[in-house]
Amino acid sequence: MPRSGVDIRVQRETFDAGAELNRFLARNPTSGGVASFVGQMRDFRGLDRADGTPLTAMTLEHYPGMAERQLADVVTEAQTRWATDDVLVIHRYGDFAPGDPIVLVIAAAAHRGPAFDACSFIMDWLKTKAPFWKQERGPDGSTTWVEARDSDDARAEKWDKR
Amino acid sequence: MPRSGVDIRVQRETFDAGAELNRFLARNPTSGGVASFVGQMRDFRGLDRADGTPLTAMTLEHYPGMAERQLADVVTEAQTRWATDDVLVIHRYGDFAPGDPIVLVIAAAAHRGPAFDACSFIMDWLKTKAPFWKQERGPDGSTTWVEARDSDDARAEKWDKR
Amino acid sequence: MNVLYFAWVKEKVGISEETVTPPADVTTVAQLTTWLAARSPKHAAAFKDARLVKVAVDQVHVPPSTSIAGAREVAFFPPVTGG
Amino acid sequence: MNVLYFAWVKEKVGISEETVTPPADVTTVAQLTTWLAARSPKHAAAFKDARLVKVAVDQVHVPPSTSIAGAREVAFFPPVTGG
């Protein structure tokens, strides 16, 4: 078995999730399971749209260098835990409008279990380890730094209790 | 909130996973999380390539009518358990070569938790409920009906123990 | 009543579909299975270990104790292996 | 030593980066934080509740007790919220 592939990108430019998925599938044709996740900017703040307050824009600040390094560490940890064939992570920074893609994670493995687990794990861990900070803007122009959610910490920690 | 969307297709033709993902994202622009899974035909039988025996082709038989009906029931169950914005399921039947796509599941939700859970749940349940049967062909031309795996039953059942 | 066979059950029975009229005392899926198994040596081979054969009545998975009253379509097949 | 600030920590301090030379008795992240907080009222405001501020030494997350011996780059920021 060749060592698992890794492709990690931190970029301002948008990405084409479908094109990335197809390129990823083309280079992993016989991986039985390919799990992926696209994070998009919501148009509301909160758990659901009905209870939330509207958002019009967002800025994602990041720590250049450390962002790439932390994402690489998270992917390495995933590859240590599961037998992945290949992993892709793209995380954007800069200015966003509702609906814009923020993050893409794709993981390939022989079977669906490790593909889903690796993809989900990478999302949970990057949420608490990768140095990105969201600042949201409401319709009145006011800006708010998003606060870290306890539920994200809980999701990241649950991987150590399995 | 509008009722969650549903798109279920049982078809012989192949599908373009990237194009399907992009169409799905385009109609769910402000779902915060979109999780997807692509199942592809492996080129070996078994848990990993090193221990497996090679495969050259596969035929997927299905029960027309019941396949669509069972997939719809599985998606409805997922939508009952999680607040999804939209769900797509494509499951193919007919003849396959290694690397060919077999199944695509995409789930959109406000946040990543329900998107991942709904997508993973649909895969686990369709594996034990949707009437499809795989017949694999080896390099010597011999064919074998794939046996159901206990691990698939266990994965499907674990959703009731949460 | 229309009876369908799939995958290796179909290969063993040798046909994919047949129309049957079971007698009145055949009222459950389990009884229908026993009655079908007696139709031919091929049917007997397919149902040799009935626990390996799953059943759907009118496209819904059912256990052997299920009534077949009013059933239009009964299908017999191995555990599913798609996905 | 290069010190970096991000997100609301940067906004409160009013600068994104500064080069500092702490005295020899400042040996841990916690001591560096206290020493930086005394540099200006803005620094003091940023570090008012030091538990809210996370620290990375040479791009690795560290707890307050970590030594800063040999550190080239120390960064202060809120809990991360990307993804």
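Note that the chains take the letters A, B, C and D in the order they are written out, and that residue 1 is the start of every chain.
FYI, a residue touches a chain if its C-beta (ideal position, glycine included) is under 8 Å from a C-beta of that chain, and two chains touch if they have at least 3 such contacts.
The structure displayed is predicted, hence computed values, not measured ones.
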Drop chain A from consideration and the touch-connected groups become B, C | D
Min route length, chain touch network, chain B to chain D, equals 2
When centres are defined as mean Cα positions, the distance from chain C to chain D in whole Å is 72
Cα centroid separation, chain A vs chain D, in Å, comes to 26
Per the C-alpha centroid definition, the whole-Å distance linking chain A and chain C comes out as 48
Residues of chain B that touch at least two other chains are 39, 112, 123
Touching two or more other chains in chain C are residues 83
All chain pairs satisfying the touch rule are A-B, A-D, B-C
Chain D contacts chain A in the complex at 4, 6-8, 56, 59, 61, 75, 77-83
Chain A contacts chain B in the complex at 1, 16-22, 25, 29-44, 47-50, 83, 98-99, 101, 110-113, 115-116, 119-120, 123, 155
Seen from chain A, its contact residues with chain D in the complex are 39, 60-63, 65-66, 69-70, 91, 102-103, 123, 126-135, 145-148
